[in-house]
Structure formats: C-alpha cells, structure tokens
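I'd like to ask some things about the structure below.
Chain IDs A, B and C follow the sequence of writing; residue 1 opens each chain.
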C-alpha cells in the first residue's frame, strides 16, 4: 500500500529531525531521558527482529547488552577510541550469537525460550566469576576523561535506534522478512515450501544481537560505571519485552510506541518506586498477552479485513 | 507382486522403507515406484501408513530407514526445504495455509528467491482458478475449500517435477474439487508426476494409471485400478472378510 | 588426594540427595501443570516464595515453627493457586505455549515486585532447626534432613494420589487426552484448577522448607526456576518419575561441584546442565518427546 509507506516515511523523518535537533533546545536532564528512550527503542527493535518476527521469544536477550557493555568498557580502558569500542561491542555480541543461535535454534519455540531464560543469568554469573577480566562484582569504573560527552552519547544512541528501526523496516518488507513471518505462522508448512527455517532463524537471531551489543557499549560510556547486576539486568529484560509486545510485536512502529509509553511511565514511577514500575509492567504484559495480542498498534490500525466474500466481487 | 528395479523411467523409488514408532511398525519395508509423468494412487484403510509414507518421503519425518530415490538421487534424511527445491512438493490433509499472510504472500514465499517475476507467477496461478481478486485477502479469511486450493497452488510455485497430494479434495465442495482435478490433469499433461492419497475410488479409477494399496505398513497390491478392485487381499484389508466370487459393480466407497 | 576420600564423596552425595529431595517437590509440581495443561508456569518459583514468606511472617510474628506453618500455608496457597488458575491460566490454556510463557512471566514479575514492595530485597531466613546429626563419620544437617523427609513424603503422597485415587486418575486422564476426558464426563476445567492449586501447594511447601535452609529474598525465584527447568529438561517434560530422578541428579551434581570447585560454580550448574542436555537431546534423557499442545 504505497500511501501508508509514504506516510510512514514522512512521519519517521519528521521524528528523526526532531530528535536530531533536540539537544539545541533541551537541557541535559531531558537529553538523558531521550537517550534512554532511544536505548529502549534500539533494544526493542532488535528483540522485535527475533521474537516479534519469528515468534521465537528470547527471554535472555539482555545478555548481549551486558556483553556489549563489558566489551565496550574494557576496550575503552585498553585505549581504543570510543566509537571503535562501540562497534566492537556490537561485533563481539554478534560473534557470540552465532554459535548460540546455531545451538539453540534447532529447538522448537518453547524449548528455545527456556534455554534463553537462563542466558542472562549465565552472563551475570560469568561476569561475576571471571574477575581477572571483569573485576567481578566490583564492576568497572570509567574515568571521565575517557568518556565521550553526553551529547555524543545522545547521538550515538539515536544512530543506533534509527539503524535498528531501519533494519526492521527493511527486513519487514523483504523476502527474508516474509520467510520469517511464515516461520512464525506455521514452521512446518514453511519448511515444506522451501523455507530453510533454521538458516533463517539463526540469521535473524544473530542480526538481533548486534544492536544490543553496541547499545550496551554506549550505555557503559553513558553511565561510566557498570557491574554484573546493572547490565545483566532482569529488569531491563521485562522492559524490552513489554515495550515490544505492548506497542505491537512484529511491526516497525510497535517498539517506537511502546518505548514512548513505557519510558513515560518510568519517568513517573521509577525514581520513587522501581518495584511498582516493574509490577505495573507485569500487569501491562498480562493485559497485552490476554486481551490485546497485537499490541496498541493493532488497536490503532485495525486491518480492514472481513470475510473474503464481503469485500471481493463474487467469482463465477 | 514382482519387484521392479528402479529405472530411468521412475521419478520416485522407495526401497525397504521402514519406520518404527517405539514398537509400532508404521512402515514395514515398503517398496514403491512412481513412473515419470504418471498419476499414481496410494490407497489403503486408515492407519495403513499412507501419511507416514508422505512424511518420510517429503523429509518431515527423518526417522525412517531404507532408501528414497527421487530422480535418481537419494533424499532420505534430507531437510524438507532441500527436497522441495529439488522438485518434490507435498500438500497436507488439513489446511496449512499461512493464516496471517495474504494469499499473494502465501504463494510468493513458496517461490524461488531468485525469481524476479515471482509475483506475476503467483497472480497467474491465481488467475487460472479465478482467485486473482483474493490476492490481498488474509489466509484465515478464506473458506476451507479456497484454502485448500491456495495450498495446492502454493506448491506449484516451484514448478515441481513430482507432487505428493494428501487427500486434496477432502472437505472441498464439488465445484472446487473439479477445478482441482482439472488442474491435476492439466499439469500431468505438461509432464508433472503425481502421487495421490485418496479415499474416493471414483477419482482413483478415473485419474490414476497405477495404484498401490497399503495395509498395516506393507504394500499388499499394486497395478491398475480394475485389477486391484478384485484383489482378495485388498478387499479383506478394507472389509475384513473374503468376498463371494461374483463380479461386483461400482467401487467400494 | 584428600578430596577423593570416600568419606567426603559420600558426605557430598548425602548433601546432594537431601537438596535434591527438596528440588523434587518443586519440580514435580511444575511438571504436573505442564502435563495437565500444557502450560509452562514461569511464576512457579514465586509461588514457592509466597510459601516461604508466609512461613517467615508466621515465625516472626507468631513464633511458629516452619513445620507447623506447613499446615496453614499449604492449604492457603492451594486455594490461591486454585483461583489463580480460574482467573488467569484458563485464559491461556489451549493457546500457543509461548502465550502461557509470556503470561506466567508477567505474573512472576508482578509477584516478585509486590514481594519487593512488601519485604524489600533483604535476605530473610528462619533459623529454627539448627545443627547437625552426627552419624559416624557423617554430619547430616538437621534442617536439610527435615526438609528432605517432608519433601519426599509429600512427593510420594502426590504420586500415590495420582496413581490410586479416582481424582488422581482423572487428572492423569486429562493430561493424556483432555478432549477424550471431557467426553467421558470429567470436568476438565475443575481438574485444571485443582491441579494448579496442587502444584502451587507443593511449591509453597517447598518454600516453607526452604526457609530453614537458605536465606532468601523476593529475587531468589530466578535461581530456583532455572533449577526446575534443568530438572524437567533432563527428566523429560511431563514425566513425573523423570522429574524426581532429575532433581536428585541435580542436587548431587551441585553438591560435587560445590565441594570441588566453589559454591559460585555450583550456582551455575543448573544453567550449564540445561544447556548441555538441550544440545545433546532436546527431548530430555528420559523423555516424553515434546508433543504439540492439543488444540
């Protein structure tokens, strides 16, 4: 539908323009807030790529974020320029995702979900135990003179959020995306009509690890201190899942809408009552899963489809 | 029954196909040949192993032993998607149309990735059965008969040399059913081979030049339909009794 | 080498079996829900913690010994589970497995954070039963022994219930083929509610026992649910005996790893075992091969 494509493009470009110029007229506090929104968008879109489009829900995706954060921090300490640390952070996450994906995506959906469940915890434990590399539970502190400015981090995050969204948008319209959706609908039937389900799933999985890795690295530079708990965070996990599901999983706009809503809620609640915020997210998740599986987007944009006969002239 | 060797005029040959499900022998050494360009029927009472055969041949079930040669190439144990790309396609008994994809998308996804004109191909196929207006309709919004038809068209997207049809007409209204059989005949005229599981004996006798009868995992008869019809073993398998020596009329239904 | 001293090996074995018995109570409950409803309850560990915190409260404010608390907490949580099923789980039965995973995940997040709101993330414990029984060369920790005995008794009771009683057989019928059971006049929905209640009660019992052995916080659920999954994957989903033996196995492996390496590595055992089994044999070592949920 060409109309919708152009509308989307206009809206997207307008938002991007807004975001790019925001630092000019918005103070540091709001820049920080927006940076975190972009972070959620980027993470959400990446998760969307595997869980939304193929239906293989990954419960442990924050592991890639954590790996990227540590990679970024350590590379920065080792003297690499920040942008290289970010790229390599993404790269390392991607390299880890390859064997991981090959191993776990042979499994059917629920088994995959269970395997992924522990991944975040494995990352956390590994970071805690491997003290030589990661300083264990003490975490890693980054001296201010190593760090890029808030504005630089802002634009890094914005770039990652835009890239992630563009990747999802491209995949969605591509043959690859069609095959992923077919896998989500009916994996057996997809295999039967020539879709190599394992290759496609692994591709999506690996692609979905790249962005969180890079985002993690930027996050490390933004907060200047990371430890196993803060980056291999179950709280982050639920936020990502709710963002995508609430907004509309498997779509391009869904994570954008979801990120907006969840971050606003977070602004209101997190500082005083982080537990209340997360409990509320749990309720949102339940509500979406039980009553609105397509998320807000399906509510806003109901597809005008009824019974086939009613909209198509009767064929002889 | 004479055992035929697998020759160049056979597009599909299975040899000593065995499938054991933890004690239940679904296939006990099945040997089957499909002559190139023929429409071969696979009949037998429920539970005789017909669908298991299809599962094994198409690669969905990789736990069988024996040999499956497609176009002189061993395909037993290969991925279904690989087998599909080699030219062997299969439909299911129950509709497996992708519910949240449009009819057009349902067809396009089954076509070749490298094909630049895959959408035209899809529309062309839809046109042949007068379903071109249904291209933007979601799979789940089609009637059951339409779904089965679309599923049939879907496997045609890759221009397969051999198509396995699993009760393609089950649950479909007579008009669409006729459309389906016409297409089968048409494609067969162009060279496509078929192996069809059917319960409707009229169709089998009409369409199939060669018929295999499966019972409890073994082939108990093979040949032209008229010969099979009178076969003692076949009747016993279906009806569980010996028939009186009288020329019967009409196929058992 | 000292570590290969048979006394130590045997001691670790005993410790492992005792821990495993407790895991068994927990894992069998989770397994039961899966078998009957094809639902994977990610909130199972949080239900366990409900039991644990209830016992803690009873101990702190009324001075109740955990073994007495069992009598109150277990029926209470049974009722909680019973109605939770009606209100929540019923809505996801029959839907794709991932729907139930997400829904119960949401529930676990809610329970976890309500727990944090109520109790903060401080670790609690119930230091009732202390010390160890010394039998020859071996020391058997009293709280662990008590927990293990109670767990084994309860697990055995549930097993006999499922095996011998009419209601138990009805439950098994539903887990084998819900549609046929319905046709035979079994109230399938009631069975599901009862099963979920039973599973929650088992979890809560494990939770009460837990308070005597470990210190816990609302966030302790993650480790236990991971253990449960490792156990169930090893034993095969839906397989009662498999879950029992898998639990013992996990307990023993953890004990040995803890003894020879470190307790931190022992924490990781569940995750590593899970990954190992998923790679080698996705349907579990004893498995009922995973079947598609019956639509």
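The rule we apply is simple: a contact is a pair of C-beta atoms (placed from the backbone, for glycine too) under 8 Å apart; a residue touches a chain by one contact, two chains touch by 3 or more.
The model shown is predicted, which means the values in this text are computed figures rather than measured ones.
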Message: Applying the document's contact definition, name the chain pair with more C-beta pairs in contact, A-C or A-B.
response: A-C
Message: By mean C-alpha position, what chain is farthest away from subunit C?
response: B
- prompt: Which whole number of Å gives the spacing of the CA centres of subunit B and subunit C?
  reply: 48
Task: Report the inter-chain centroid distance for subunit A and subunit C in whole angstrom, where each centroid is the mean of the CA atoms.
output: 32
Field: Approximate Å spacing (C-alpha centroids) for the pair subunit A, subunit B
entry: 43
Field: Interfacial residue positions of subunit A with respect to subunit C in the complex
entry: 55, 57, 59, 103-104, 106-111, 113-115, 117-118, 121-122, 125, 128-129, 234, 238, 241, 245, 273, 275-276, 278-279, 281-286, 289-290, 293
Task: Name, in rising order, each residue of subunit C that touches subunit A in their complex.
output: 40, 42, 88, 91-92, 96-99, 101-103, 105-110, 112-114, 116-117, 222-223, 225-226, 229, 233, 264-265, 267-268, 270-271, 274-275, 278-279, 282, 290
Field: subunit A residues within the subunit B interface of the complex
entry: 175, 178-179, 181-182, 185-186, 188-197, 303, 305-309, 311-313, 315-316
- prompt: In their shared complex, at which residues does subunit B touch subunit A?
  reply: 58, 60, 79-82, 84-85, 89-90, 92, 96-101, 105, 108-110, 112-113, 130-131, 133-134, 137-138, 141-143, 146, 154-155, 157-158
